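This report refers to the structure that appears directly beneath it.
By letter and in written order, the chains are A, B, C and D; residue numbering begins at 1 in each of them.
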């Protein structure tokens, strides 16, 4: 059963195709990794899926409903949340208020929103830091705050854009654990990542993009031995 | 036939006005492109230049068109000082509202306008040059012309001056190293630093140059208009409308935007009424915002890149 | 202690007219409350929601003209303008929002500035409705004494204050701040940014409009140059909040006190007359460079400057 | 030629570079490798004076450069070809090259140099009047390198030159780097394309989380188990 279907999606900027004819499905409750060299169109793909860009061609279906061309807030309401590659906390708000602001999306009252925020902060191990202004957080925690903020919208599908980049080994382990727990709680995860070791160990399946096109799709093992992937991305063996 | 005559005359006046508008818009565009800020003291800078031209004319009998060569350098220096001592410090300040810089230029404009009121009173002033009444008629040149059109010498001279200044600016920006530095800084200031460009100096220079250009526009306007201290605000708005219409930071866009605005205002005053010209100005501004968000520059660019 | 401040202030404000101040002092208090109300309205849209408006004169003027036209054309008491202006300004604010909210940052600011000017020029030219530059004058103001006006504007200000306090702490407040801090992030957090920006604009406009309608009733005369003034309404509004403190509950009050006093002080010294814009301009420049978050927002910085606060490393 | 001594770098209150030291000798190609976000680009930005180091010194050709104005480094012979190329998109190819030679000797030799660049990259000669923004990715990278060469540098710093290029173009870019090097240029290169980088570099430093964790001959590193596992995906 697939929660998200990306069908022949293309995005052109000027004459240039940043994403061209990409199709794949995301199955319910899996972790799907997206890899590819810098500039391969991964973040553009995310921006198309979550509604920042209108797809130039193709269709995107979330839970059986077409969402291509919808606004990001509508898509978020439909059950998809995302994080950003360059972390974008609401800088002058405390950690708690950051999460609270997005918890209001589903909550009927402020009390309920506070409950959601507290729960999510505990889940991402940020509860201790809840009163700190988010601009003062170290990078690792900021990345986690982004995940927390996305989780507070109670998504069915979570898009993570390079949540591991720049983390030290301890933070890395923590984030991996959190993402595994997210999956356990029944949320589907789609993740862009450069860190090969992490992505290989965490993903159920992987999609490889280069130059805006999908060149491979499969389990980590299949990807690791795919000749085209090795040439285009991992380096010629 | 009379209708056609009125229409053509309106178009001619509109284009002449538009030429001067283009110059005002160019100054603003230059500052916006390099500094990434909107200078809301732009019209007030022009007002200052007009007073310089006025006093040169009244006290020393200097022709306003000659005053360009005095007022522009003076405003250049004023612009450099504003940039260096007021705007640069604010860029570094962290505040909740990033629009601080724009509000700052409002403050600068208020100070300039107010000082002008204090020193020169709110009187309306003008520079009655001798050749003010010279007008050329089409029938003087072509006796059997079916329609009659007229151009006053003042408008024609101002228009030609503004074309010359525009050409000089274009030459400066495209052919000289300093011009290239200005363009490079406006396109990517970090890369400009890496190429050895002293970005702070280029910024101060650009603000000065933008001020000098609007000063020139002021000198070209003064034989045609009355001068009073509060006149700046209206021209700031005109400059802003032109930059939005032209596409932010685009020089060609600013020129075309200025011409369009001039023609459009001229049409509104002829066919709707004098007082409505400012509303026409905003109508076109709103239309640009709604229907052409990137301004004229976006049309030009998409053609060039084959979008 | 701190949570009693509003009540103490309110009690003081309630007994104030009974202390036998001169009508001039009462006039100052009335202006002060009116400007604080407009400041709070601006603060909601610009301070909290981050959409800096240079055109609040549009709302102020429309509110004032709603009351004025009601009187001059319909022959109805201009007091009905207060409730009616909420509706009229709301509609206009919504329409303005449709156009200007497409823009971000300084471009939004300038588009609002232009919209203020559009209304001024329109009011000047639509003589059949507004009497043009002649303006609208009430034959007779309802009350001679200041007290009734004082209590009316006090009620408006207090209601606005409570409304702000409630709004800022609610879901709306959080959404507004999220939009201010990062519009794209807010949008992907499921916040309909267009909708909430429109709400902020309309609410802010309505409150400003009521203040405008009050102004018509209180001053008894309006013309386009007074109520749609760029410098004397839109910019003063910005200054009140910038001086007092952007995105703070008390900032607009502090700012209104300072600005109204300053305005009166400058006005009372005849020789300064024409310089008052220059003084305001310099104050604005000073505030932006040295106290970008206003007196309330940068209070700690001020204390530190005078050696009062603990210095934080 | 270049010596970086114990630098610490902060972005506001966040430390991103921890006590990093390394050097580049004349005629060498030295690579900084590491994952995204490890701090490679930050180091280059620090050397070019875009970010000030909190502690430590940077010495180039006998000058302590971290106290100098960032725009004056190019005159000393240090040029930084930035990540994502950062051309001036609305200027022509030729104008971009002109911007590379604004100061000193480079300005005097502009014409000769330009001819040399066009010889090196014939594609650029064909497109000299075209706007830089309309070039393909590979051509843009050539122009970026060409623009850097116009300043007559002694040391060229390349930040992710293969970024966002198709594999075939990546090869082309590395060929160009080898050519530049064969003309005697000293190069400091930052790359995520570890394998190809190690193939052309003399020495390399491995950067993880803002610290240098390994260094050595490029050939040795290419065979190191840790490097293989972490960066070569083997």
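Assume contacts are C-beta pairs under 8 Å (C-beta built on N, C-alpha and C of every residue); 3 or more make two chains touch, one makes a residue touch a chain.
Treat the numbers as computed from the prediction; the structure is a model and nothing was measured.
Asker: Shared touching chains for chain A and chain B?
Answerer: Intersection of chain A and chain B contact lists gives C, D.
Asker: Which chain maximises the distance between its CA centroid and that of chain A?
Answerer: Following the centroid criterion, the farthest chain would be B.
Asker: Rounded to the nearest whole Å, what is the centre-to-centre distance of chain B and chain D, using the mean of the C-alpha atoms as each centre?
Answerer: Result: the chain centres lie 42 Å from each other.
Asker: Report the inter-centroid distance (CA atoms only) between chain A and chain D in whole Å.
Answerer: 31
Asker: Any chance you could list the residues of chain C touching two or more other chains?
Answerer: In chain C, nothing touches at least two other chains.
Asker: What positions in chain B touch 2 or more of the other chains?
Answerer: Chain B, residues with two or more chain partners: 96, 305.
Asker: Could you pull out which chain C residues touch chain A in their complex?
Answerer: It is residues 169-171, 174-175, 177-178, 181-182, 184-193 of chain C that touch chain A.
Asker: Spell out the part of chain D that touches chain A in their complex, as residue ranges.
Answerer: Per the stated touch rule, the residues are 12-14, 35-39, 137, 160, 162-167, 192-196, 209, 229-230, 232-234.
Asker: Once bound in the complex, which stretches of chain D touch chain B?
Answerer: Residues of chain D touching chain B: 48-50, 69-75, 79-80, 82, 86-91, 95, 98-100, 102-103, 107, 131, 133-134, 147, 151.
Asker: Can you list the residues on chain B that touch chain C in the complex?
Answerer: Residues of chain B touching chain C: 37-38, 40, 86, 89-90, 93-104, 106-111, 113-115, 117-118, 233, 237, 240-241, 244, 273, 275-276, 278-279, 282, 285-286, 289-290, 293.
Asker: For chain C, which residues count as touching chain B in their complex?
Answerer: Chain C residues touching chain B: 46-47, 50, 52, 54, 99-100, 102-103, 105-107, 109-111, 113-115, 117-118, 121-122, 124-125, 180, 230-231, 235, 238, 242, 246-247, 274-285, 288-289, 292-293, 297.
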